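Same chain, two partners: chain A is paired with chain B first, then with chain C.
Entry: the complex of A and B
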């Protein structure tokens, strides 16, 4: 019996979508169960991010805007984790803000955990300013008059009563401005913050926004960029702190391979069906 | 596995995944609860961190309450929130929009237009990687501009340039879509990792 390859290929156009979902699930679960390690070759923009953080030295202050929420936490928390670990390990201090009202609790809990692990004291080594509405207003005010927009920290303590925040005056306080954002709020930091802060700006983004910010690297508006899980994994590798991003990257790679295979198969099936159903000459 | 802090999110995650099999009531309930919780939490945070500190600071400084610092913004805020259209509310929105536009304009012109143009106008060539990159960027920019030029029908060299611009746009959109797909897969991996590690303890 001769197998009709054309009909077999064309039949793929009628495949139940639930089978595809199952394949995607398997492509993700199997690498996670196998716990296979992955190595990546860091991109130039990730190295820029890494170098900018490396330039921060003991006693200097980093402003971190962690603007993400539960929906994008898995993509961005690895960036915050590695960045905060690096900042604390260098003996630098951290001023933290969150311009996403849905992410306040997540961000505070994560940095508190990292600070406890590093033996850092709240108020002396790090401070959480919290959330204020209107990102542009907050970005500009933090650079000129921090006490106006944040008279108290997120825990209700007067900023002037905290040793770290007591000396804040504005744009010249920070040696680095790091932004980890899931939405276009990161662009606000470039538009409103680039000319106002005397510190380099580095940005960590959700993957979907990565290409949009490449142009800011060419104009030197930002010193470094890590985008998506891949960027987070590259940063983890550069710092020698393998974490969730590197762990999940093998599952990501497998899912991408499956996606590419499905796109090729889908196109082949489409043209096979078209060829089979062509009108007779 | 039976810790409510893990069990409840795990069951909710499975409930959301159930939409992949078919439409069902459990998914709809979880969807509405999720959206409601997110909106409610955000509103509570905005009131707690934005509104209440303002009211408390006004209570601590009664002079501010009746002076420009708080009285005028409060009146304008109430007028803007009013159901009925009113002059004070319209003027308030106009002033706020004008201030926002005025503050944004220098940064937008500098970072999104002038600096981008400057970064595009760099020496091109084939002798180095940077020079070749610049050549590709220059061809991409000029051809995309040609694609959006509608004054004449794109024929001949103009047609070739417009077609190149179209392909440049498609490659650009493809790159963005690729990143977006990567982002969605990442979130899915996060959920699976939560189920396998935090709930089922199948991975460390």
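Entry: the complex of A and C
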């Protein structure tokens, strides 16, 4: 009888991959359809991110670099949503820049929608500088001579004609530099921006990049970090604005549990097959 | 002539780029602003050159290729031309046709491509993540710990799992990452100096 179980377990090594795909689909779709929100315990780095934004007060300016595209929007857009809502609710102003050419339309549409919902005016309360190539060059230029690299905003209006941007002079304009990025642009902001901006830098990243940036927290190069959907959900919970990330987190959690089960089951099947095929003593 | 000029140009401009980090003088700031302008300009030109190279490559595929290769190249070029024409003719702002195509076609395609990774990952961890050696075991135990700690249910299933996960991320992970960053930094400095001193070309080729 014991051997039957062993054979059954060993046969799992030959499982059709379409069954695995179906399991993944179910693990994601069912929690999303159930729309069950979840609660998380915020990590210290997420609290750092939250506190840095809380220190921004009315009339101050936040520089937001939203460098993501359609592939990573599912985990980074909720961060931008909560951050922009927080900035606008505090009466602060927003200067938006995008260093990913594939994300311009996505970022502009999202912030425009949030600004409309908050009753904020373009040019006075927020401005979108748009995209320029060369992330290091743009990061350093924005800190020293913003009009040189961005003489006009993304909509073609002269920067000096916009009330918010007319007074920009560089590194000391901002109370906070927030970077939400999926690629190497986040590293560029830390490397080239840390010493140049007289403002704390907070970073929102894709889940896979999060561990790479932990060292920057210890050296105080960044003031806070939220990584992946989990980080976005923690930030939503800290701000008391439950949104897309908290809703989607249950689906991600279920997918993680499935991965854990598959790792354990895959190893059990592997060793069962090895035991079954062992040479006779 | 251009080749002969490139070495002194690299030496002068490279030295100026380094010097402005250490010289807080007005003149240094002026030089820095000009260098940064040129950096952005050069990368813009590189972007245009990249687009032209892509168009040329796919045009060659259409003229020489067969079957699906030719069709895919035609789709690429056609999509590029269509988006270029739409953007130039009707603008690229919110609510424009360009923006609508981007949001309803390109963005879902990118999201779908990314989401496929989840399916492949599930298949890969089932078939390949095996306890076959000591390093593989360490990797597997670390991955399981971090994965479980990221799940809200994890703390209920294994008490203090977050503590172990945080230790893995803040301890060994940060140590390894710092080592990598330091290595990358030193290698970048060494390569930069080799280029500036004319020992090595900017593309990595050793100068004769």
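Just a few scattered comments:
Criterion: the second predicted complex is superposed on the first by the 278 of 281 C-alpha atoms of A that agree within 3 Å, B and C clash if a C-alpha of one lies under 4 Å from a C-alpha of the other, contacts with A are read in each partner's own complex, and residues count from 1 in each chain.
Operating definition for what follows: a contact is a pair of C-beta atoms (placed from the backbone, for glycine too) under 8 Å apart; a residue touches a chain by one contact, two chains touch by 3 or more.
Treat the numbers as computed from the prediction; the structure is a model and nothing was measured.
In the superposition on chain A, contact of A:221 is made with chain B only, not with chain C. In the superposition on chain A, A:212 makes contact with both chain B and chain C.
Contact with chain C, but none with chain B, is seen for A:257 once the two complexes are overlaid on the shared chain.
In the superposition on chain A, contact is made by A:15 with chain C only, not with chain B.
With both structures placed on the common chain, the touch criterion links A:268 to neither chain B nor chain C. Of the two partner chains, chain C is the only one touched by A:106; chain B is not. Contact with chain B, but none with chain C, is seen for A:152 once the two complexes are overlaid on the shared chain. Looking at the shared chain after the overlay, A:185 reaches neither chain B nor chain C. Using the contact criterion defined above for the overlaid structures, shared-chain residue A:29 touches chain B, although it does not reach chain C. In the superposition on the C-alpha atoms of chain A, the part of chain A touched by chain B in one complex and by chain C in the other spans residues 21, 24-25, 28, 69-74, 102, 104, 132-133, 136, 140, 211-212, 215, 218, 228, 230, 255-256, 259. Residues 13, 15, 17, 20-21, 23-25, 28, 38-41, 43, 69-74, 102, 104-106, 108-109, 112, 132-134, 136-138, 140-141, 144-145, 148-149, 155, 211-212, 214-215, 218, 228, 230, 249-250, 253, 255-260, 262-263, 265-267, 270-271 of chain A are the ones that touch chain C when the two sit in their complex.
Against chain A, in their complex, chain C makes its touches with residues 29, 32-33, 36-37, 39-40, 42-44, 46-47, 92-94, 98-99, 102-103, 106-111, 113-114, 118-119, 121-123, 125-127, 129-131, 140, 143-144, 147-148, 150-153, 155, 162, 166, 169-170, 173-174, 177-178, 181.
Partner chain B is touched in their complex by these residues of chain A: 18, 21, 24-25, 28-29, 32-33, 35, 69-75, 101-102, 104, 130-133, 136, 140, 151-152, 154, 190-192, 194-195, 206-212, 215-216, 218-219, 221, 227-230, 244, 247-248, 251-252, 255-256, 259. Contact residues of chain B toward chain A in the complex are 20-21, 38, 41-42, 45-46, 49-50, 53, 57, 100, 103-104, 106-108, 110-112, 115-116, 118-119, 172, 175-176, 179-183, 185-193, 196, 202-204.
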